[in-house]
Amino acid sequence: MDWLTIFTTTVHAAIGWETIVYGLAAIGVNIHFGYTGLLNFGQAAFMAVAGYGLAVTVTVLDLPFWVGIFVGLGAAVLLALLMGIPTLQLRADYLAIVTIAAAEIIRLIFRSVQFKGVFGGSDGRRGFNGDFYAMNPYPEGRYGIGAIVFDERTLWLLTVGWIVVLLACGLVYLLMKSPWGRVLKAIREDEDAVRALGKNVFSYKMQSLVLGGVIGCFGGFFYGLYNGAVQPDVFGTEMTFFAYTIVILGGAARVFGPVVGAMIFWVLFVFVGNLLAELVANGYIPFMTSIQVGPIRYALVGLGFILLLIVRPQGIFGDKREIAINAR
Amino acid sequence: MAREPGVPKPDPILVVDKVVRRFGGLTAVDVEHVEVQRGSITALIGPNGAGKTTFFNQLTGFDTADAGTWTFNGRTMSGVPAHKVARAGMVRTFQLTKALSRLTVMENMRLGAQQQKGESFWRALVPGFWRSQEQEITERAEELLVRFKLDAKRDDFAGSLSGGQRKLLEMARALMVGPELVMLDEPMAGVNPALTQSLLGHVKDLREQGMTVLFVEHDMDMVRDISDWVIVMAQGAVIAEGPPSTIMSDERVIDAYLGAHHDAPLSDTELQAQLHEAEAELEAEIEEETQK
Amino acid sequence: GGGGGDTASETSPSSAAPAASSSAPAATKGDGTLTIGTLLPQTGNLAFLGPPEFAGVDLAIKEINEAGGVLGKPVAKIDTDSGDTTTNIASQSVDKLLAQKADAIVGAASSSVSESVVDKITGAGVVQFSPANTSDKFTTLNDQGLYFRTAPPDKLQGRVLGDLIVADGSDTVAIFAMQDSYGTGLADQVQKTVTDGGAEVVERVDYDPKAADFSAEVTKIKSKSPKAIVLIGFEETSKVIQELVKQGLPASKHKWYMVDGNTSNTNYLKMPKGTLKGVKGTIPGAAAPEEFQKKLLEVDKELEDFSYAPESYDAANLIALAAEAAKSDAGADIAAKLAEVSKGGEKCKSFKECVDLLKAGKDIDYDGVSGPVEFNDAGDPAVATIGIYEYGDDNKYGSKAIEYRTGNIAG
Amino acid sequence: MNAVPEPAESNAAVTDRSAHLEGAENALLRCDELIAGYLPGVNILNGSDLYVAEGELIGIIGPNGAGKSTLLKAMFGLVNIRSGTVLLKGENITNMKAHALVSRGVGYVPQTNNVFPSLTIEENLEMGAFQVPGKFKERFEFVAELFPALKERRKQRAGSLSGGERQMVAMARALMTEPSVLLLDEPSAGLSPKLQDLVFIQAQQINKAGVTVIMVEQNARRCLQICHRGYVLDQGRNAYTGTGRELANDPKVIQLYLGTLAKA
Amino acid sequence: MRRAVIAFTAFLGGLVFLLAGPAHAGPADCQGLKGTLKLQGQPVNGAKISVTTEGGQPVQEVTSNAQGTWDVQVDKPGKYKVTLDPGSLPQNSQIRGGNNVRTPTVYEGNCSTVLFALEAKGAAAGPEQEATGESSFWAQAAQLAFEGLNLGLIIALGALGLSLIYGTTGLTNFAHGELVTLGAVLAYAFNVGFSIQLIPAAIIAVVVAGALGYGQDRFFWGQLRKRGTGTIAMMIISIGVAILLRNLIQFFFGPQTETYTDYNTQAGLQLGPISAAPKNLWAMGIELAVLIVVGLALMKTRTGKAARAVADNPALAASSGINVDRVIRIIWTGGGAIAALAGVMLGLSQSLKFTMGQDILLLIFAGVTLGGLGTAFGALVGSLVVGVFIQVSTLWVPPELKSVGALVVLIVVLLFRPQGILGRRERIG
């Protein structure tokens, strides 16, 4: 049994790029859903337009990296406006379906043969992260303690990534304890009541959608920067589902919930997978072949989510009282 | 004798003309003309289903009227979205309460305050901008909570309040807005009478400070006690207006709305008489049936 | 890709990345044991491609170890899941493989997945060897000469298939292609060949393989009533066939053509007799797949589909031979020898045969099950042989090809 | 005027309990020292007692948030009872499920959310008669006579009804079965004065016909006028008990709970 | 050297080929262009064909032989220009499409075929086209509408199950797709594993799935409800359940596509402009019947009304004497069974794969939402709209984007009717 590998890969995942990407997506979802009650199931679309905004600007239009970042951000804001103006009047569950639909439409368009020249079809676009790594201040080498080491590229991405994550958390913290955040939370509970108190509900919802989308879109950037490529199918509904799972695991409407949720999510994923693979490889589970590790690992991860949420339906940081109030 | 509906007032704050709202075949509201006097307490009464709540919904922009116009403070309010109506100074409460469940009672109250600096995105980021205002708001909210006997529940989630407490919170929160005209939809249904009494005092104080109150209520003791003017609705239309005493002796109103006993206790003698009546009826029926 | 990797730096902006241009940092000396990692789909959309690919690698390693292993030691193998692009499993799997010191990684099946990990793998000085990637992006990728593939040679296959259609005299052709880089790439080539040859492509449908059903796609084709219908895709083709038969476009009235991705599918056997009679399909490889398939079934008796098994098998064999030739199991050393063992020397067809020649000091040229496999400078195969097969009344294709065509892939 | 109830008068409580035990001997329904609440660690009922003899009409009054609704819900199996017992005709029904109680002849009208919004009025009433579908027609005629508005609108969805109309539906729904014990939580709230009177008279008539009634009311004076006995609940405990008339005339009760607004 | 290698491998291939049996010239000795000229199945002799390089340099002129074939060998691979002299063709014939020039490419060591399709003069587009049955726009539209109904009804079955469970328990069940898959796979297990004819196998599968639905609520969801787990937490738990079930199904069923042994690849009947396989007609009939029966049952029966009552307000339902848990269990049983039926129908009309339910889940959700959440007939109407739009939109939209059409419709409809087609707006205040 290669415990060392199991351990190091698990720790890598906990602090690695996956946690950053999914954590940012989840912070966005937390603003939408956790605080404002907007059941936005199209978070992946925000990541997609950001990733593609960057990729297409750099690779197709041949413009500099920073322009790409601004195009990505602009695309996320634009998407929020386009998605929000017609749909924010919908009831929560209807909004969920409409946003899923919108995200799927965007993915299918990115994927389509019609626009292959721009978006690269099902293979997507690659080769736009050069400038990012050119800014890397770390000299070449391997950094870390003990078995947990990163090369300078990864370290650079993680440094920037975690700074963005912490900034996002700080922003959420400041906003949510302010009167602005109070309006959002009130909208989550009952928008008619908020309207009756003279608040422009639509405007606040839109602000929330834009903010969450923009934070989520950084997840899209980091995905592209780390993998060096964006592909349409990465940004499918699965991504959004996982972001929601992360939010609930960490505790909805909690500042650090999404970050901790993302860590738990990936630790569970990697630990279960690698443990299982090692057990099979070393013959501890004789009835399973190593090919079957894949599905069983997923099954166990699914089971893991279920158990975690049964034990703590309010998530790690959640408040049990809040859950009790909304239980049917 | 009650006045004709729609009498002009010397200084109306709210003037309503020909508002109609239909649901399918049912005409829920069909108000020809109504004015509400500034600085008065006006009661809106009428049988269940008369269209009072629907009328409120039209006026405050929560539902779109099929026809009609109305002005508030001289400003046309028809077609204005709900939040702008509220900002203009016309605030309503809901008959079926809308507590913001997962906000504490205090947060519910604070939310009511208007023109909060911290409610703009950018200023929210710098607590310095809104701290002191928040302090003021909190103080004001605390005073109201004490009056409404909700101070003990200050930090509880509004979702955990009892039915009556929600009504109280609903009204207190509306008062936080500091409206010129507050429209209360059955504010005291389900509130303990002793507390109701003390709150009425508060409402009168508010009138002294210049606020206009328009409220729907089925509790005639309350209507009699505080209202300066009563408007009666039935089947969507305003059928009578006048000071409380005249209205309550109006035959039509008694007939359609108040019923014969509204003023008298259901004292034993009277009840006995009624019961005898009922029993006699029953017996007669039973006899009939047995004869068949 | 680029065994040479030198042409790439102008075309790919990512090449500016410092780490990528620095020579493989982790290219450590081997530890004496050749460790082959697999990064193939166990879950996700392409999971059906996993079993044959795993079986191909397993069969090769079994034969290698029976022949005495590499550098005197048995070859070790670590299996991991590549998932599909909707999850980030592949990246996790690569982390694990690198942590466990894999020298070469066979995978991934999907071009998109490969793209997302190629930087990571080659950056660690490990060989990435895909049995199924068809995207032309890999040709111009900066991979420090560490990326290789025994991919089915689309261009040649497309040409052969297109020519076959024209030779069969069909002047109106409909192409039904799965919408991904494999399907559209192959379809483009077929379309070009067919058009050049004088036939007309009256309808081309790129479909989403995950679509709930394909009736609308078939209706579109039906409206043009083509003489030939080309089906390019994977196992979802069996759904398409049902729809074709239902809407009255059976193989008996319109000529159907299939490709390596969908010729071997056990679902056809359940169809009424004669459904596929006369249908032609192209499969890369110079030998009839039957015998090889038998061997695969010994490794995994539940195999139903054999797509990419030959390519996977050849990938593992080539890696082992290159290690043997380099006398080292380090990734960079293996990469350096891969092209050499694939061409220019004494022909040999199995690991045992080849390794014996190597040990005798000879230059070898491995010819695999999937074709002659000769790597060009970009790490792509340069030559290939395509067999043309025809289905009989039993909905099975003949055990012998009706024709083989060999040629330069690039052309 | 803002008098806070004196901290539970230990004296009264003790006497109450003995009086309770005495009266509860052969009661139809009795609750003993109920402790119940919603959130972990927070008790809303702090040992309240209550009994009803067969054929009695009981009123429960008290300030907002005293726990009146909670008490009814606890009896009816909708709030978890943490300790204490509820007995119905000697059978222990503590924490028994609501539908099982319905089949034992207990009916209940909740204070809030008391109609099925997406069902029509008629269907709402059908649900009232769920366990005795055969009686639907007959009972429907009966309640339709009480609330003629309902009959006209029988096909209208309850969700679009006005507050008062809903209250009628809720009341009517409970009257669809002929329960032997009826728990009413503020049945008159939101109704026009005329209908309020009707509700009280109806409650009394039902009671006369042999149904045991427990009603929670904020229309306290009216309630005390018609009930045989009343309980004043405060902070989850019984603060006062007595006959309706006693309570209605008790100056302390008047000051703390009834107010002087309404003319006695 | 490269050339030699190719020649050698080609030679090897040729050897195998020779062994394989008789044929015309092998590719090994061919580098150039060839073709066969045929008119209505008869070879055309003596047609003149000239080949030039791309630049126009003449290479060779040939005439077709008695078999109608011709071939030209070239030295260099590359693009060539082939011209057929129309004057040399038989009097009554012409080149279809009219163009007599082709520009094929010759590849190293390979011959490329060049096709000149010939047709009888005057026969032009007309009759032959008709004979091959090129269909009109309206015929296409009719076929697509039919396919839309076919798909829509399957979606509707899935949507009905989802809607029932959502309605009564408030659970947004993302694992519903897997319940669909489960039904299909169970039927497969009985059909293929135990060699039971599909109809009884499907019935058994539906019954088993119903039982599993019951079990799911009895031992899982019901327990969670009892613990007071919120609907959002339940929704996320359902994502976990979906992952668990999907992968367990993959583990047991395998990752490949399968079909049932019965009713496989049925040829279509021609009904006016529509071709439909008999199994589709049967399936649609059954689906419609089930949908209407369940819908009516919800509207009219006591249990159905109780189910709607529970959906509205479980506590009040309990207070009315409804055994809420029992009703929910009935719904889960029915919902599971209906989902399974949807799976069987989907498997019958398409084929089976462990992701089949997941792939259709979005459409199911779209159907439910479009019709108005929680209304049974809404689910039917919404699903039909989704199904029909998916198919019919391909008249204008490329098929790879066909879901986009349906999703756009969903969004547009909800903009004008935010409560769904049959849903009702809630009253404020």
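In this document, chain identifiers A, B, C, D and E correspond to the written order of the chains, with residue numbering beginning at 1 in each.
The working rule: a residue touches a chain if its C-beta (ideal position, glycine included) is under 8 Å from a C-beta of that chain, and two chains touch if they have at least 3 such contacts.
For reference, the UniProt names are A, E = Branched-chain amino acid ABC transporter permease; B, D = ABC transporter ATP-binding protein.
What you see is a predicted model; the values in this text were computed from it and never measured.
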Steps needed, at fewest, to go from subunit C to subunit D via touching chains: 2
Between the pairs B-D and B-E, the one where more C-beta pairs touch: B-D
Centre-most chain, if every chain is reduced to its averaged C-alpha atoms: A
Geometric centre distance via CA averages, subunit C-subunit A, whole Å: 33
Geometric centre distance via CA averages, subunit E-subunit D, whole Å: 59
Centre-to-centre distance between subunit E and subunit C (centres being mean Cα positions), rounded to whole Å: 25
Per-residue overlap in subunit D, given as positions that touch at least 2 other chains: 38-39, 160
Junction residues of subunit C - those touching two or more other chains: 41, 43, 47, 50-51, 179, 206, 208
For subunit A, residues that touch 2 or more chains besides their own: 108, 111-113, 192, 292, 294-295, 297-298, 321, 324, 326
Interface residues, subunit B side, partner subunit A - complex: 60, 62, 81-84, 86-87, 91-94, 98-103, 107-108, 110-112, 114, 116-121, 124-125, 127, 130, 134, 157, 159-160, 173-174, 176-177
Subunit D residues within the subunit B interface of the complex: 1-2, 38-39, 61-66, 68-70, 111-112, 149, 160-165, 167-168, 186, 189-198, 200-201, 204-205, 208, 218-222, 225-226, 255-264
Of all residues in subunit C, those that touch subunit E in their complex: 41, 43, 45, 47-48, 50-51, 159, 163, 166-167, 169, 171, 179, 193, 196-200, 205-208, 210-213, 215-217, 219-220, 222-225, 235-236, 238-239, 241-242, 245-248, 250, 265-267, 270-272, 275, 286-287, 302, 304-305, 343-344, 367, 372, 374, 382-383, 385, 400-408, 411
Interfacial residue positions of subunit E with respect to subunit D in the complex: 302, 305-306, 308-309, 311-313, 315-324, 374, 424, 426-427
Parts of subunit A lying in touch with subunit C, wherever the complex brings them together: 2, 4-5, 8-9, 12-13, 18, 21, 58-59, 108, 111-113, 116, 121-124, 126-131, 133-134, 136, 140, 142, 151-153, 227-229, 231-234, 236, 238-239, 269-270, 273-274, 277, 281, 290-295, 297-298
